[in-house]
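Letters A, B, C and D mark the chains as written, and numbering starts fresh at 1 in each.
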Amino acid sequence: MTIRAAVAGASGYAGGELLRLLVGHPEVEIGALTAGGNAGTLLGDHHPNLQPLADRVLTETTADELRGHDVVFLALPHGHSAAIAAELGEAVVIDCGADHRLNDPTDWARWYGGEHPGTWPYGIPELPGGRERLSSAMRIAVPGCFPTVSSLALVPALGAGLVEPDAVVVAVTGTSGAGRSLKPHLLSAEVMGSASAYGVGGAHRHTPELVQNLSAAAGAPVKVSFTPVLAPMPRGILATCSAPLRDGVDEAALRAVYAQAYADESFVRMLPEGQWPQTSATLGANTVHLQLAVDADAARLVVIGAEDNLTKGTAGGAVQCMNLATGLPEATGLPTAGVAP
Amino acid sequence: MTIRAAVAGASGYAGGELLRLLVGHPEVEIGALTAGGNAGTLLGDHHPNLQPLADRVLTETTADELRGHDVVFLALPHGHSAAIAAELGEAVVIDCGADHRLNDPTDWARWYGGEHPGTWPYGIPELPGGRERLSSAMRIAVPGCFPTVSSLALVPALGAGLVEPDAVVVAVTGTSGAGRSLKPHLLSAEVMGSASAYGVGGAHRHTPELVQNLSAAAGAPVKVSFTPVLAPMPRGILATCSAPLRDGVDEAALRAVYAQAYADESFVRMLPEGQWPQTSATLGANTVHLQLAVDADAARLVVIGAEDNLTKGTAGGAVQCMNLATGLPEATGLPTAGVAP
Amino acid sequence: MTIRAAVAGASGYAGGELLRLLVGHPEVEIGALTAGGNAGTLLGDHHPNLQPLADRVLTETTADELRGHDVVFLALPHGHSAAIAAELGEAVVIDCGADHRLNDPTDWARWYGGEHPGTWPYGIPELPGGRERLSSAMRIAVPGCFPTVSSLALVPALGAGLVEPDAVVVAVTGTSGAGRSLKPHLLSAEVMGSASAYGVGGAHRHTPELVQNLSAAAGAPVKVSFTPVLAPMPRGILATCSAPLRDGVDEAALRAVYAQAYADESFVRMLPEGQWPQTSATLGANTVHLQLAVDADAARLVVIGAEDNLTKGTAGGAVQCMNLATGLPEATGLPTAGVAP
Amino acid sequence: MTIRAAVAGASGYAGGELLRLLVGHPEVEIGALTAGGNAGTLLGDHHPNLQPLADRVLTETTADELRGHDVVFLALPHGHSAAIAAELGEAVVIDCGADHRLNDPTDWARWYGGEHPGTWPYGIPELPGGRERLSSAMRIAVPGCFPTVSSLALVPALGAGLVEPDAVVVAVTGTSGAGRSLKPHLLSAEVMGSASAYGVGGAHRHTPELVQNLSAAAGAPVKVSFTPVLAPMPRGILATCSAPLRDGVDEAALRAVYAQAYADESFVRMLPEGQWPQTSATLGANTVHLQLAVDADAARLVVIGAEDNLTKGTAGGAVQCMNLATGLPEATGLPTAGVAP
C-alpha cells in the first residue's frame, strides 16, 4: 500500500518535521510540497537537513495543488485550513494547526476571534476513546504540543478520580515551538543562557485545549493554571504537572492507574521508578516519557512528562493519526529511539 | 574603611563568584583563599576568569588560615561550618552553605541528618525584619538560591493574606547551582538541548527552607509543592510561583502590595506591566526581577521571578549581607546591571 | 537476511548511537550488549533514549559474550580490541576505537605508546579505493570523527594536485566527541556559553590519521596543522579546511573535481553554491555536507565540512561499513535526513 | 572629573554593552541615549538588564541631541558616523562602527562601496604606537571584534619576524556579533546545537582591517585567510590563528616575544603554559587571553585568543579608548574578572 501525501506549509518547522518522518515512512510517497511566501523556492533552502528532498520546488498553497493526494497535511497559520479542506473532499486531511481542536465555539471566539471553523476528531490516540475517533477518520485535528504531553500526564489520575480537578502545569519548552517567526525575543543571542515565561496567567492559547482534555477525563470542569517557559534548547517540552491528591490516595494506587493506562502503548512510557524524564531522550522520537511522585507534605501528585514538541507534539502525532486513519499499523515509520546525547 | 575578607571553598562556583564580586568591591581587601582537595594549587587553575587573582595559592581550609580576617565567607559542603565558625569568634562569619538556615532541629534531622548545627540570622534583607536581623550580625546564614527568588516572589501576597497558604513553585535553573560535581547527568553533552526535573515531590533540600520563609510571612503553615527543573544554561533561575487567590482579590490589590513591598529596594524590581522576567537580564547582577499575573479562570496568582543563582542567589546576597553586617551602605560593590545578551 | 550484531561498550556514547541505528536497521537483530564497569546494569539507565532496549541487561565485555554473532562492534578504550578480536575469528569485527587505523607502527608508538596492534581496512568508503578495501572485509577500523569529515573535505583537491600539500584544519566540535568522561572541563556549566581549543599544535591523536589520509591522496607527505575547538553543543563537527592553491587553479576546476568525486555518493553532499554547511543539518544522519570557496587574496582553497561526530563520524560510518562487509546495500538502515532545527 | 557621555544607537547590542560599562564607570555621567526606529521607547524595553537606566527614554539620533557632551559614542550602521561627527566638533567622538577603520579608500570602496568617510586613530592601545595615537585623540575608530583578538594574537610574532606573512585565522563567535538583526539563520532554534561558517573565502568585511593591522606589524603585505564560524553561544570569540614558522624559530623565542609584548598590559594576558583560553573566562570583561603552541610537524605557530566580542571586542575597547583620550587612567571602570561559569 502506498499513500500519496502532500504537505502544505512545508517551509516551516512543523512542515520540515513532517517531511523528515515521511521520508523514512515505508508506505508513503511524497507528493506536493506547498508554501505561502516561500512558493517558488527550493525545499533545501529552508531545510538543509532534508537532503533527499532538497531539490524539490515549493508550489503555492492552493486546493488545486493539494488535490489528488490520499493524505494532506496542513501546517498553516490558524484560520486557513477549513476553506482548503472543504475542497479536498476525498482526502484524509490532517490539520497541524489550531482550527479544529476546540469543541466550544465560545472558546474559539474568546481565544482566536471570529467564527469557529468547526471541530474535527482530536488526534491523541492514547486518550480514552482516541483510537475509536481516529480510525478511518477523514479529518483530524492534531493537538497542540503542550496539551499532548500535559494531557497524557494528568488524564489517568483525573480519570480515576484520584486528584482534585485543579491542575497546575508549568511547561519548559524549546524555541522551535514558536515557529520560524522573526521576533527579537527568539533571536539566539537573547535566548541562549536565558529562561523566560510567557503567556502567563492563562493567556496561552493552548490553555482552553488543555482544559477541554482534562475536563473530559475528569467528567467535570477542571481548573488549569498553565505557564509555558522558554528555555535555551531547540526542541523539547518538559511539563511539570500537579494537582491536589484526594483523601486517602497513595502512590501505589496512582502507579497502578498509570501502569494500566499506558501498558499497551508504543509511544507513552512510564519510566522505571527513580528515573526522571529528560527531553533529550525523546529528541526526534514519537514518544512521551512520564514519571510521577507523591508529595505528602504538599498533598499533591506531581507528574513530569517529556516529549519532542515537533515530533510527538506535532508531526509525529500527525503521522500516527495518518496511520490510524488509513488502516496502517499505528507505529509504522515512527521512531521510538531518541537522538541523544 | 577596609575590610579584610577570607573565602573558604574558593575553588568552587560559589567561591569563585564571591571573589569576582570582592575583586570589584571598593572596601574589601582579599585575604586568605582556602580549599579542601585543591589546596596547594593556583586559583587561576580553577577560575581562569579571575585573572587579577590567578596567581594566588589556595591554602588548606583550617581555622588558623581563616583567623584574623574581618569577614570570613564559608562556601563549604554542609556540616563543616559550625566547627570552623566556633574558632573565629571575632570575625563576621557568612555561611553560604545550608547549615544554619533552618530553625527547626527536626527539619534538619529529616533533610540533612545528624545534629542541628544551630540557626543563624537569615540572609534575605528584603524579607520582613530582614535588615534588623542582619545589621551588625556576627553570623549570617546565606539562603539557598531557590528560596531567595521564590520567597521574594510570594511573601508579599502571603503576608497580606491575598492568597491561600498553598503554593506551587516550579523553578528552572542553570546547572552551576549543582556545583562543580563530576556527575554524569551534569556532563555538557547530556545537559545541552535537554530539560529534566529532579528532587520531584518535595525531595529537594530547599523545600523546608522555602516552607519556613513562606509560613513566617503568612503567619501560618504554608503547603509548598516545589519542583526544580534543570535547563541548558550555566546560570539563572526562573521561578514560576503560584497560589490560589482568596475571594475578592483582584490584580490591582496585588500590584499595590508588591509595589509597596519593593518600592525602596535596590535589588528587587517589579518590572513594568507587560514585561516578563528573563534570567539573562540578571546575569552577574545582584538582582531579582518580578512580574505577576492573575489567572481568573484558574483563580490563581502567578508570580514569575528571575535571578542569577550564583549572584543574588548566593554570592551577591552574601556580599549584601556583609555590607549590612559591617555598616557599609547595603549596595556597595554590587552590580545591578546584568550582562546581556 | 538477518545479521546478528553485538555491541561491546554499549553504555558509552558511541555504543548508544550504534544501538540507535541498529534498532532501526531492517536486517539486524541485536544480540549481546556488553560493558566494563557498567556490566550488570540496564541499558536504559545509561541511554534513556533507547526505550526499545531499555530493559536489556549489560553483560561483561568478554570474548565469550561476543562470540557467535555475525558482526561485533567494539566501542572500547584504545588498546583493548586486538585481543578480543583475536578470539572472534568468524565474525566481522568493526572497531570504533583507534587501535587499527594507523599504518605506521612508529606513529602508533609516538601517539599511543606501546606495541602497534596492527592495521585493519580503513572505514571511509568514499575515499579512493575505500569500497574495495571494505567489501567482504572481516576486520574494519572505523575512522576518527575529525579525520572523516576533514579527509572528505580535502582529498579531492589534494588528489587532483590542485593545492599544495600543506593543510590547516580547525574543527569545531560538540562535546559528545570526548565521550562520557567525568572531567571538569566537560561539565555543562563550564561548556555552555564558552568555546575553547585543546590539543593545539598538533597534539590531538587524530592528527597522524589525518596526515595519513591526506598524504595517501596527494601521493606525497602532507603537512597538517590541526586544531580542535570545543563548542557548546552536544554533537556535530564543523571543519574549516584550507590549503594554498597551486598556480593557475580556479574555482571552476575545483568545483568540477569535487562534483565528480561525490556525484554518486549517498552520504557526501556538495551543497549548492551559496549554501554553507551547518552541523544541525546532519544531526543524527549519516551525512557529510561540503562547500568550498576560493580566496584569491590569500591564495587558498577553503572547504567547510559538517557531520554528526557520533553518526557519520562514528556509529553511522561503522554501520555503513557493516553493510559493505556483509554484502547489504551500502545505505541500508542509515538516515540521510538530519533532525533539525 | 566627570565626563558627560552620550550613546547613539543605544537600543542595539553594542549600545547596551556600552551602557552596562558606563553605568559602572566612576567618572561618567550618562547623557543622551538615542536610537533610530526605536526613538520614543524606553531603554528598559530593549535592555531589561539595564535596570538603573530602564526608565530613560530614547530620543532620535541627531547631532542636536548628541551635541553638548564631552564624549559621544556612535553605535550606528555603517555610513552614518561621518556626517554626525562633523557637527560635534568639540566632543571626543568614538565610532564603534566600521566607517573610519580602513586607511585605504580603495579598500573601503571594495568592501563597503561608496566614498571613503576618512580614517580616524585606530582603537587598539596595545598595538605598537597605539597609545600615542589615542592619547588626546578627538576622533577614534573602535576596531572590529575579530581584528581585535586576532591582531593581538599575531602581531608580536609578525612584528618580530618569527613567522611568514601568510596567516590563517578561524574564529568561532557567539551570535551577538551579528547584532540584533531579524534574520532566519540567527533564530535560536537554528543556532542552538549547530555550528556554521559564513563569509568564507575572505568575504567577511573584517578581512581588510585584519590585513591592515598584520601588514603594519610585519612591515610588508601579509596574506590572511579569515573564516568566521558561528557557534551556539551569545557572546565570545575564540580565534585560532596560525602562520608558518621562519627557519630556526623555536618556542622559547616566541614565548619571550609575547611575554615582552604584553608584560605591562592590564587587559591582554598570556596564560600560563598549559592553560588554554576559553571565552567564558572573558565574559563581560575587557580582556584578551592568549596562549601559543609550536607545531613542529606542520612547521607552524598556532596562537589561540579569546575575548568577549561585545566587551574588549567593542564596547570595553571603546571605553578604554575614552579613558585614554580624556586623560583618565586607562583601566578606569573596566572589569578584568569575567563572569564564569
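Here is the rule we use: contacts are C-beta pairs under 8 Å (C-beta built on N, C-alpha and C of every residue); 3 or more make two chains touch, one makes a residue touch a chain.
Please read all numbers here as calculations on a predicted model, not as lab measurements.
Farthest from chain C in terms of Cα centroid separation is B. Distance between chain centres (mean CA atoms), chain C to chain D: 37 Å.
Centre-to-centre separation between chain A and chain D, using Cα means, comes to 45 Å. Touching two or more other chains at once are residues 13, 174, 176, 187, 189-190, 192-193, 232-235, 277-278, 280-281, 283, 340-341 of chain D. Chain contacts in this assembly form a complete graph, since each chain touches every other chain.
Here chain C touches chain B in the complex through residues 13, 174-176, 178, 180, 182-184, 186-193, 232-235, going by the rule given at the top.
The touching residues of chain D, counted against chain C in their complex, run 166, 168, 170, 172, 174, 187, 189-190, 192-198, 200-203, 207, 211, 223-227, 229, 231-236, 238, 240, 242, 276-281, 283, 291, 293-300, 302, 304, 306, 340-341. If you check the complex, the residues on chain A that touch chain C are 13, 16, 19-20, 23-24, 42, 44-45, 47-52, 54, 176, 192-193, 234-235, 269, 271-272, 275, 277-278, 280-285, 287, 289, 335-341.
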